[in-house]
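I'd like to ask you about the structure that follows.
Note that the chains take the letters A, B, C, D and E in the order they are written out, and that residue 1 is the start of every chain.
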Amino acid sequence: MDKKSLLLTGTVLSLSATAAFAEGDIIKIGALYPTSGPCQLIGEYSLLGTEILAEEINAAGGLNGKQIEVIHRDSKCDPAEATAMARDLIAREEVDFLVGGVSSSVGQAISEVSRQEETIYIAAIPKSTQMTSPENFHKFVFRAAANTNTEGKSAAVIADQLEMNKICTILMDYSYGHSLNEAFTAHIAKIRPEAEIVQQEWPKNGTTDYTAHITNIMAAGCDGVFSGVWAGLFPAFAKQAAPFGFFNQVKYVTAGEVGSPEVAEQMGADMPEGIWANSYEVFYHSAADAHGEFTAKLQEKLGVENTPSWPVVGYVAAQWLTEAIAKAGSSETDAVIAALEGLSIDTPIGPQTMRAEDHQANRGQFWGKMVQSADDSYPYRRMEPVSYVVADELMD
Amino acid sequence: MITQRNLILLGIVGAALLALPLIGSLFAIYLVNEILIFALFALSFNLLLGYGGLISFGHAAYFAIGAYACAVLLTTFGWPFFLAFGAAAVISAVCAAVIGYFCVKLTEIYFSMLTLAFAQLVWAVAFKWIAVTGGDTGFIGVAVPDWLDVPVRFYYFTIVVVALCAWIMWRIVNSAYGFTLVATRENRNRAEFIGVDVKRIQLVAFILAGTFAGVAGSLFTLFNHSVFVESAWWTQSAEVMIMSILGGVGTFLGPALGAATLLILDRFITEWTVYWPTFLAIILLAVLFFFPEGLMGFASKRKKKGE
Amino acid sequence: MFDNPMLTFIQLLNGLSLGMSLFVIAAGLTLILGVLRVLNFAHGAFYMLGGYVCFSLVKLLSGVPGGFWLAAIGSAIALAGMAYLIERTMLRHLYERDHLYQLLFTFALVMIIGDLVRFTWGTQVLSVSLPPGFKGAVNLGIAYYPSYRLFLCLMGVIVAVGMWYFVNRTRAGRFVRAARQDREMLESLGINVGRIYMLTFVGGSALAGFGGALAAPAVALSQGMDAEIIVQCFIIVIIGGLGSLGGAFLGALILGLLNSFGVMLVPNFEIVLIYLMMVVVLMIRPWGLLGKPEAQ
Amino acid sequence: MLKIENLGMNFSGFQALNGINLELQEGEKHAILGPNGAGKTTFFNCLTGQLYPTDGVTHYKGKKITGLTPSRIVNRGIARSFQRINIYPKLSVFENVQVALIADKKMMFNLFRPGAALFRDETARMLELVNLTDEADETAGLMSYGKQKQLELAIALSSEPDLLLLDEPTAGMSPQETMDSIALIGEIASKRKLTLLFTEHDMEVVFAIADRMSVLHHGELIATGSPDEVRNNEEVRRIYLGEHADDAA
Amino acid sequence: MTLLDVSDIHTAYGISEVLFGVSIRVEDGECVGLLGRNGVGKSTTMRSINGLTPPHKGSVTWRGSEISGQPTYDIARLGIGFVPEDRRVFPELTVWENLDIARRSRGKADEWDEQKVYALFPELETFKERKGGFLSGGQQQMLTIARSLMGNPDILLLDEPSEGLAPLVVDKLRDQIASLKAQGLSIVLAEQNLNFVLELSDRVYVLEKGEVKFEGTPAQIREDPELIKRYLTV
C-alpha cells in the first residue's frame, strides 16, 4: 500500500489522458479531496476510487466517445482552501464537474462555489443536512453520501432493536454532531417512545481527552449510548473508555464509520467487542457480483487482502456523474442535472437512486455488531452479521 | 521613500493589475483577486509589526470579525451594500479598540500572548454562536449584490478598495503619527520622555490595523460568498505573519509581496506534491538564513548593489 | 453538582491525570523558553514525533518484556538526537536574532516534521495499546480507576520532582539557572553556555518526546495532534509564568481540572473557558501565576 | 518651581533613596553631586515618572506630579537627558528632533499630515542650536559619542521645557567637547530661561554652571547650598570632595 | 614572556566604533591600571580581551599565543578571570551557588576553594545561603571577585570595583586586592577612582576616546596635574 506510487498513478493517468486526446474530446472532472491535513487518509482513498472509475471507463472506450480526466486539488480539509481550489479547478483547468469533499464545512464551501460558477458538484462524503437544507440548496449540488439524517435515524433503529431505554449521547460539538442529534432524538422518540435521553455529552472540537465525558456518562446510569465519535477519533476514545469498564456497562451504538475494516484492523484488540457500528463498505460483505469485482480490483491495486472502505465512496460519487453523462448523452450542465434527478445506478454496493426533489442519494450504510472474527485470515473484529440498512424509509 | 523609479514600478504594477482581465483568464482574476485581499491583510498587519514593532499573534481575529460582520449585516439584516461594508470596518475597529485597550498595556511576549488569547476567544465565540455565524459549517450564501457578483467587477472593486486602503495606510505611516509610531518602536523609553503616550500611540496602531484587517475580511467574504470559522484560528494569524516576514517587514509593500508569493506557491506547489509544507518551510528557512530582510529587502539590496 | 462525591472524585482524577501528562510536555517547553528565550512552536511537533517513534518501537520490540517502557525511553532518546542536530546545525545561529526569526524557524520545523511523520507513518490513525499490566482499573476503595491514568499522575509527579531536583540541587541545574539569568557572565566564568543551551534544548525536546510516548497509549496518533497540544502547552506556560517550572506544574493542573470540571459543570462554555482564563490571567498578572515580572 | 518632599525609593529591601527634600526656584541651576551609585539616576527616574517612588511627593509649579506617567510629566514641561545615550539610533538626526517636535506640538495623533514636512524650520533651528546642522542627515546611531550627547540635548530641548534634567551631560566627552557643551548648556539655559537640575562628575563643569548644589550619598541628601557652602561642608569634604579633590587635583 | 599583550585592537558594538587601536601589555604578576572617564573604552577593552566583544582588528595574545576570536569560555579557561562592572552576581543563586558554578581546577598547586575564598572575604561565609540579589553592593562586589577566584585565574580583569561603594568598603576592597596581588595574581584594574588605581598599580594606561593617551607609572601621573586635568579630571 504505497501511497506515493498511488498518487503518482493518478498524475500519470491524467497526463496520458491529456496527451492522447484533444481538448474537446475530454470530460474533465475536478476532484477535491484532502491529501494533507487531518482528513488526508479518507481523501487519498476516495480519490483512488474516483480514479479507478475513470480508468475503467477510459479502458472501455470512454464516455460518449470521450475520455475522462480526473484533475485533483488538495482541499486540505479547510473550507477556505477548498473554495480557492474549487475555483482553481473551474477557472484554470476548466473542469466540467466537481466531486469530493470530506468535512461538512468543506462540502458547504464547494457547494457555494458550484452555485456561483454553475458547475455540478457531487458531494462524496459531507453528511451534514445543512448543505441540502432549503436555505442552502441549489440545483447544482448533489449528495452521494448518506446524510446525518439517515445516519442518525439508522442508529435509532439499532438502538430500538437493542432495547435501549435510558440513553446517553456523546456527539462532537460541531455541526456533524448536532445534526446527528436532531435525527436520532426525533426518530427514537417516534419509534421507541419509552426510551429516554438521560445525558448528553458534547466533546469539543480538537479534544483528545474524553475521560470527563466518559465519567459523566457512566455516572448517569444509562443502559445505552449513541455516539458520534467518528472513526478518526474513536481509537483514542475507546482506549480511554475501556479501562473504566465502559463498554461492559453500556450498549454502544456509534455513527461515523467506526465499523470500517481499516479502523478495526488498525485498532486490533483495542476495538471493543460487541459495539454496534457502521461503515460505507465492508469488503467481507459479499464476494459476488459488482462488489466482488471491485474488491478484487482494489486488492490488486493496493496489494492488500483487507481492502479499505473509502475507495468505494469516491467511486460511487463519480459514478453518478458518469452515468448521468451517459444517460444525457452530453456533458452540458443542464442536461446532466436533468439526467441526475431521479437517476438510478448500480454501484458496487448495490442499486441507488438520486432523489429529484433534494438531490440526495438514497445511500444506506452497513451496520453490524463488532465481534472477534472466527476467520483466521482476518484476525480483527468485524461486523457479524453485516446488515445493509436501506435509507429509503428513513429519508424525510 | 518615493523615488521616481519606485513610482514607475508602481505604475507598471498598477497598469498590469488593471489590464489583467484583458487576457481573459478567469483563473488569473481569481488568483490576483485573492492576492490583493491578503496583501491588504498583510499590509494591515505590518502597521503593527513593521511600524509599531508589535508582534500580534491574533491579527486574524479582526479579519474574521470584519468578515462575519459584513456577512451578517448584508445577509441576515439585509443592509444596503455600502452601509454593511462600511459598518463591518467600523465593527472591526471597535473590537480592535476594546481588545487593544487591554493588549497595549502589556509589552513584548506578554502582548503577543494576550493578542493570541483574545483571538482564540473570538474563534471560540464564532464557533459556538451557531445562530449568527453558522458555527463550523460557516456562514454560507452571503448576499452579494448582483452588480458586484461578476468576477471581473468584483476584481475591479477589490483593486479600488485595496488601493484606497493602501494609499491611506501609506499616508498614515508617513504622517506625523506614523513618525511617532516608528519612534515608539525604535525607542519606547525615549518616546515617553518626549511626551508621547506610547500606549495610546500603540492603541491607535492596533485599531488601524484591525480596521484594515476587517476590510480585508469583508472583501474575502464577498469574494467567497461565505465565511469560515477557520479564519479566526491562530494558524491564520501565523500565516499573515509568515507573509509579512517573507516579504519583508522593513518596507511598506514587502508584506504584499509576501502575500503574493505565499498564495502563488500554495496554488502551484500543492499541485505536484502532497509535501508542500516542506517546500514552504525550506523557502522560509532560506529567507531566514540568507535574506533576513525578506524578499523585498533582498530585491532592494540587489538594486543598490547594481547601481 | 457536587452531590455525587464519587463522580467528583473521578473527575478530579481525570483532571489530575490529564494535567500531569500535559505537564511532562509543558515542562520541556518552559525549560527551553526560560533558558533559550525561544518560543518553540515546534514543541508540539516533537511531542507528536515522540508518539509515532514510540509506536514503531513498540512494534519492533513486540514480545520483548517491558517493550513499551523501552520504547518510551527510546522515543525520548530519538527526540534528543533530533533536537541535537537541529540545535547544532540551525537553531544556535538564531539565538542572537530577533524573536520573530526564531518563531519563524520553529514554524518551519512544524511543517517539516508534519511531513516527515506523514511520509514515514502514513496518514491512518495509529494506536498504541496500553502496556501490559496497565490495561485495567485499580480499586481505590470508593471507585475503580484506570491504572494507566494513575500511572500518568505518578509520572507527572516524578518528572516534576526530578526536574526540581535537577534544577535546584545539582551543579548542572545551577548552570541552567545561571544561564537563564546572565549568559555573558556565565561565559566569562569559563562555562560553555552554548553547550548548556544545546543540552537544555535537547533535554526539553526529550521531554516532549517522552510525553508523546506516554500519551500514545492514552490517545490515538494522528496528524494534527501537534497543533492541539501546542496551544494547550502555551496556555499552561503562560498562566503558570514563562520559564517557571512550578508555574508549568500549576498551569497544567489548572488546565486539567478546568477540562474535567468544565465538562461537568458548564459543558456549553467549556471551549470558551480556557481562553477566557488565559485572558484574565494575562490581564491581572501578565507574568503568570508563579512567574516574576521582568526587571526593567 | 519644583518641590520634593521626603522622596524615598526602596527596591525590594534596598533603600536607594531616602527622605530627600529639595526645592528649586525658577531659573535656578542646581547640580546634584555624588559618587557613582549614590542614587542620582534613581533620583531622576523618580522625578520623571520612570520609577514610582515608594515614599514622598513631588510638586511642580504647585501641582503634584508624583504618579504621573513620563509622557504626562514631559507635557507639564519637564524634560530630561540620559546618562546612557538614549536616542533613536536608526533614524536620522533630523528625524530624531522632528519626532520630538511633533510630540511637543501635539501632532502625534495626526494621521494625515505628512510627518516629513512638519516643523522643518524648527528642527533646523534646533540642530543649529546644538551645532548639528551638518549632521542632519546622518544616522543617529552612527555618530560619535559627543555628537549623540548633543543630539540627546536637542531632543530634550524640543519639548520646550521649563525645567531640564540632565544626567551627566558631559560624561565621556573630551575637555574641548566638555567646554563647548558647558557653554552651550549655559547659553541655552539663559536664553530660554530654563531651570536646570543636573548631575555631574566633573567639578569644573559643576562650578561653571551651578548656582546651587546638593550632594547625594547613599541615597540621602547630605548637603544643599551654594557651591561655597557645599565645598566647605565638613561632611562633604570628608566623604566626597575631600577624597578626590585633595589627592588628585 | 609577556602574560597578556593587547596590540592595536579596534572594537565596535554593531556599527558604532568604540576602540581605535588600543595596545596594552601585562607582565606576569603585574597590576596594570586603566584610567579614563566614563565611556572612553575601559570596559570595552576588557570585553575585547575576554572575547565578549571580540575586536575586529588587532590581536590579543596570551602567553604568546593569539586568543582573540576564541569563544569567551575558552579564554576564561586559559586563566583570564573577568569581574565586570555592575557586579552581575546571579541574583537567583545563593552565594554558595554563585561560587560553586565558577569552581574550576586548573591543576595549580595551591588552588582556591570555598574555604580560602571565605577566608579572604569573611562576610560571604556569613551570607552563604543568601541569594545574590539580596546582598549589599559591597558584598556583591566581593562575591564577583570571589567567584572569579574560584576559577583559579592567572589574571583578573577588574572593571570599576570601587564604583558605588562606601569609602570604608573601598578601603577594605583595596586591601583585599592588594593581598591578591601579593599572592602573585596579575591584575588589570579599570577605574575612575584615581587613588584607588594609583595605590594598587605598577603601571597605568590612560584612555581617552578609545585610544591610549598615556602610559607610565603611578608616580608619573601624580606628578603631572595637567595630565590629570586633561584626561581624568576627577
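In this section, a contact is a pair of C-beta atoms (placed from the backbone, for glycine too) under 8 Å apart; a residue touches a chain by one contact, two chains touch by 3 or more.
As the structure is a prediction and not an experimental result, all values here were calculated from the model.
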Mutual neighbours - chains that touch subunit B and subunit C alike: A
Distance-maximising chain from subunit E - centres being C-alpha averages: A
Between subunit D and subunit B, distance of the C-alpha-averaged centres to the nearest whole Å: 43
Distance from subunit E to subunit B - Cα centre to Cα centre, in angstrom: 53
Approximate Å spacing (C-alpha centroids) for the pair subunit A, subunit D: 75
Centre-to-centre distance between subunit B and subunit A (centres being mean Cα positions), rounded to whole Å: 37
Numbers and ranges of subunit E residues touching at least 2 other chains: none
Of all residues in subunit D, the ones touching two or more other chains: none
Numbers and ranges of subunit A residues touching at least 2 other chains: 36, 40, 205
Interface residues, subunit A side, partner subunit B - complex: 7, 11, 35-36, 40, 73-74, 76, 78-80, 83-85, 87-88, 90-92, 104-105, 108-109, 111-112, 115-116, 128, 130-131, 135-136, 174-175, 178, 205
Footprint of subunit B on subunit D - complex, ascending: 48, 50, 69-72, 74-75, 79-80, 82, 86-91, 95, 98-100, 102-104, 107-116, 118, 155-156, 158-159
Residue ranges of subunit E in contact with subunit C within the complex: 50-52, 71-73, 76-77, 81-82, 84, 88, 90-93, 97, 100-102, 104, 147-148, 151
Contact footprint of subunit B on subunit C as seen in their complex: 39, 90, 93-94, 97, 99-101, 103-105, 107-109, 111-112, 114-115, 118-119, 227, 231, 234, 238, 242, 268-269, 271-272, 275-276, 278-279, 282-283, 286-287
Residues of subunit B touching subunit A in the complex: 25-27, 29-31, 34, 127, 130, 135-138, 140-141, 149, 220, 224-226, 228-231, 267, 270-272, 274, 276-277
